[in-house]
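Below are two complexes that have subunit A in common, paired first with subunit B and then with subunit C.
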Partner chain A sequence: MADVPHITLAKLPLANLRRKPFRTSALVIVVVMLTVAFYGGALLSMNLNNGLNSMRERMGADLMVTPQNTETKAEALLTGNASSTFYFTNDIGAEVAKADGVSKSTVQTYISSLAAACCDEKVQIIGFNPDTDFVITPWMASQIDGTLRRGQVVAGSGINVSTEGTVKLYGHEFPVAAQLADTGTSLDNSVFVNMDTVPDIISYSARTGHAAIPEKYAGKAVSAVLVKVRDGYPARQVAANIAKATGITSLGYVYPGGITATTKADLKAIIRYAAVFVVVFWAMGLIVMLAVFSSSMNERKREFAAYRILGATRATLVGIIVKESAIIGVLGGLIGISCASLAVLPFNGLIAEELQLPYLQIGVGKVLVLTAVSLLFAVATGLIAVIATAVRLSAPQTYLTLREGE
Partner chain B sequence: MMAEESILEIRGLTREFVRRGASFPAVDDVSLTLGPGEFSAIVGRSGNGKSTLLNLITGLLKPSAGSIILDGSDVSASDDRRMSDLRNRTIGFVTQIHTLLPNLTAIDNVILPAVLRSGPWREKAIVDESRATELVVDSGLPDVIQPASARMLSAPQSDHMVRRAQMLLDQVLVGDLAFCYPKELSGGEMRRVSIARALMNEPKLLIADEPTGDLDAENTAVVMRLLRRVADDGTAVLMVTHDPDALEYADRTYRMDRGRLTLI
Partner chain C sequence: MPRKLFAAISQIVLGALIVIAPQTFAHVCAVKDMPMACHYTARVALGLGVVIALLAIIGFFAPSRVRAGLDIANAVLGVLVVLVPTMLVGVCRGSMMHCHMVTMPTLIVLGVLLAVLAAVAAYLDLKPAKRG
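For the complex of A and B:
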């Protein structure tokens, strides 16, 4: 007899929930759905916001000068929609640098590789000049030691580097000097090379029969000039000055700040839609839970009366149902968070591809905070759902309420 | 019986309800005194206020007028915590309707009042037994042959609860059904488990609303003998019944008619 387990006040709520497995499961499922919507929606929104911030940080230029009719390609390249190859055939970099209002300028060359063994899609090769660069070098410097030598590449986070530490492009194995952290932008699917390496890449591509750029332009092909304007100069004014200084009126101009603003607007629309969806979904779920708890109150009148007869205070009675709802909240919350995490976290790449927006997974710390907030949300939802029942049980002559209809 | 010795003292108790706009007294100017060991029965037709009277005594309903003094406490003036404590410690209530919790086994249902008790649960019988054990130990018996009851003192309080609950179930002849759920029990078996539950905290006043309502003659005798013994051990027993066989166990019988109580 000594080892026989018996009921305790703490075990009562769980015992009550076990007695009604169907009702309990239905309530848990409602909380799971609400938590998935809340946690999943918040996680996606935060990842998108993180991606936007990451993109903003990486776009250190105020103005991007591109060849005629290539603005769309350049924008797509920045937002991660597609890789491209386009280039000037003249020494545009020096001309742009002379324009009034230009504080800094640097050239970059973009080459879209053939489908490579390393990657699911074409790789964007970005050639940059480490001596003048002010866009890539600042954030790359924190992740690679020393300078990028000719023939070496720095791989974006989405590039599969071989066990030998190389990436094969146009049939040539390029040693990888470093691999960058995830940015949630097109840069993740790019490799970065020193400008001196660009002619080599063009040469390798020519050998495969698919010359990325005609070999005659190999030494001077420039895809874009990235410009940092002087303080007080509007980017559009500087663009006009560049047109005047170069004498070329058909240049393409891309304003990365504008792209960020457009992306931000798209993002806000998505987040607003998600928020409305979560609120409506939550209200509907809460109504369902209120109805279930309220009807179970009628069903359990005799049970509650028994507790009162045996000496349970109104507070004890309310405590029991509050604990029941808290258990449902915790259980539903944990399952919901697990399901949403399994649906979102392993598929970041796929989600980013589908959304066509910068998308960067938030850090572990933020995920843990979001998990805690979501769990609180789930428990709070359960508690709100039993408020009406608790108020009725707290009435002075509870027993009259409990015997209604008998 | 002197008033200061009474467990229950009711004076001019009235409870009115309103039906279709008209008020009527379900309990009308009732006075009743019950001392330790007294066994009183109340008979009367259904709807004449018997159950309302019991609910007023237990503080589950508030009176419209009059007073109820229970073990020295004014029931009407007690707040919820005090009244709940009285129901738990001082009153054992066998209800007319089945109120066993369906999710708990019979033995857990019996243990429940001890679990709901504020403060530590203590069984008088075990304390008494410990005194007897002390005598045995003091008589010079070596520890190795120390009686089992002495070892019980060092066992956790919960073991005492389980032991007492099982003993009560044995007394109402459903000890072998201790681990059955209410849905597995007959109406009579459930009634007996309810009685065991009402006795768990060793109440000073046992209130039984139709305790033999769904029992056959044999089981009625078992239950009534138990209630009589409870009364003989010093507990005041107040029983509402329609069963003439049950009345012979009571010391006094009252009739309740349209809310008024009269001694037969």
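For the complex of A and C:
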């Protein structure tokens, strides 16, 4: 007698589920799939949104003036699709600054390095002037102490910094002053240097036989002038003013705001499709669960009748099946969240690389909130699926319903 | 028998994947001037994977209580598989490097799966069998 398990009313739902392992597993698998779709879809959407916000924060300028026919290269550089080298050979920075509607302007030099030691990809070197810069310095300031000295570099999160704290570019080891946190943008694969360091880099590149820029332009090569327009001036109007002021009609103009808007539109389309998919998937899963609970109700008529004979009230019967569905919801929810987390969280870098869109992992706090919401979603799905059965059981004619088929 | 098969198959497959992944589809960076951390991570993973698969094979022929011990050992080795690329040996620091982007997450996923499945196998092996 000692081996006979003692089942109380509280343990009954769990005992019922264990007694029917196949049915329980099938229901748990349905909840797992729904949770994976909901949690995974929401996590990806939130990461994409976070990436877009990060990209918007780091664009900084309203207008980018580039050499003739280099707009596409400059856009690719901003969106992270390619690294490249292009440059003006005249003092374009001073001329642009004189144009009407220019509030602030700063120059940057872009050099696409040879593959750094151990790196599979080229590294984008960005030379900037810390005295006039208003694009990179504001968000870099929180991550670097003091100013960036000549010869030092700041590495993006994607750059492979050696254990000695250096980066090898064109055969020369550059000390890394700081490595930035993930931004989810092209800047993660960039190395930032003071403008004074650019001639040094060019001379190192010349020594390797692959001069990044001809040495005669080393001191004055500028790839782009980044412009902040005065309030009330449209960026396109300022671009026309710059053409007038410089007398060069063939300049290239890139509007970072436009790039952000295009990326935002692309992201919205992806997120909309994902949301539609999750809703359709959820509806299908819910129908399956409703069908399973309803058919199991028919199977279990005798069981419920036995509970009634033993003195269980209608509310007790409803309580039993609600607890069963809640247990299925919690179990499926936990497994689903774990599976989706394992598939999405460690593979952030790869997902970003494959999507070719700004993608930045949300913080731990937001992930925990999403986990809690997804778990509630899973439990709610289980409870919704059991509503029809609960209504039938709580109806006054339950006794007759349970006696059907005797 | 199903418990035995569950423990053996899941752990042999995961052990084999831990050996194969860093050498093939989740390869580490190629050695150029000097070997980077990821190179050593791949070597350690190879050793751990072989041990995991061996323990699973031994467990298949062992009585259930011994198998439970081997399952627990494999669960601990699963945790070690996670710790090798993340803390103990590491991978290249650049987040765009292949070893950082693919090898490390692959080993994390395989390690977590191994730890969970081996723990479940140990629980099942320690549970008294049902008597008909």
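Criterion: the second predicted complex is superposed on the first by the 398 of 406 C-alpha atoms of A that agree within 3 Å, B and C clash if a C-alpha of one lies under 4 Å from a C-alpha of the other, contacts with A are read in each partner's own complex, and residues count from 1 in each chain.
In this section, a contact is a pair of C-beta atoms (placed from the backbone, for glycine too) under 8 Å apart; a residue touches a chain by one contact, two chains touch by 3 or more.
Remember, predicted model here, so these are calculated numbers, not experimental data.
A.B. asks: Using the superposition on subunit A, decide if subunit B and subunit C clash or fit.
C.D. replies: fit
A.B. asks: Using the superposition on chain A described above, determine whether A:N16 touches subunit B (first), subunit C (second), both, or neither.
C.D. replies: It touches subunit B, and subunit C stays clear.
A.B. asks: What is the contact status of A:Q179 with respect to subunit B (first) and subunit C (second): first, second, both, or neither?
C.D. replies: second
A.B. asks: Subunit B or subunit C: which reaches more residues on subunit A?
C.D. replies: B
A.B. asks: A:V364 in the overlay: touching subunit B, subunit C, both, or neither? Say first, second, both or neither.
C.D. replies: Neither partner.
A.B. asks: What is the contact status of A:S157 with respect to subunit B (first) and subunit C (second): first, second, both, or neither?
C.D. replies: Touch partner of A:S157: subunit C, not subunit B.
A.B. asks: Determine, under the contact definition given at the top, whether A:R314 touches first (subunit B), second (subunit C), both, or neither.
C.D. replies: first
A.B. asks: Working from the superposed arrangement, determine the closest approach of subunit B to subunit C, counting only CA atoms, in whole Å.
C.D. replies: Taking the overlay as described at the top, subunit B lies 8 Å from subunit C at its nearest C-alpha.
A.B. asks: Intersection of subunit A residues contacting subunit B with those contacting subunit C?
C.D. replies: none
A.B. asks: Along subunit A, where are the residues that touch subunit B in the complex?
C.D. replies: Spelled out, the residues of subunit A in touch with subunit B are 1-2, 4, 6-9, 12, 15-16, 18-19, 302-303, 305-316, 396-400, 406.
A.B. asks: What does subunit C use to touch subunit A in their complex?
C.D. replies: 29-30, 32-33, 36-37, 92-98, 100-102, 104-105, 108-109, 112-113
A.B. asks: Using the touch definition up top, name the residues of subunit B that touch subunit A in the complex.
C.D. replies: 55, 58, 60-62, 80-81, 84-89, 93, 95, 97-104, 107-108, 111-113, 115-117, 155-156, 158-159, 161-163, 165-166, 197
A.B. asks: For subunit A, which residues count as touching subunit C in their complex?
C.D. replies: Residue list for subunit A touching subunit C: 117-121, 157-161, 163, 179, 182, 188-189, 342-343, 346-347, 349-350, 353.
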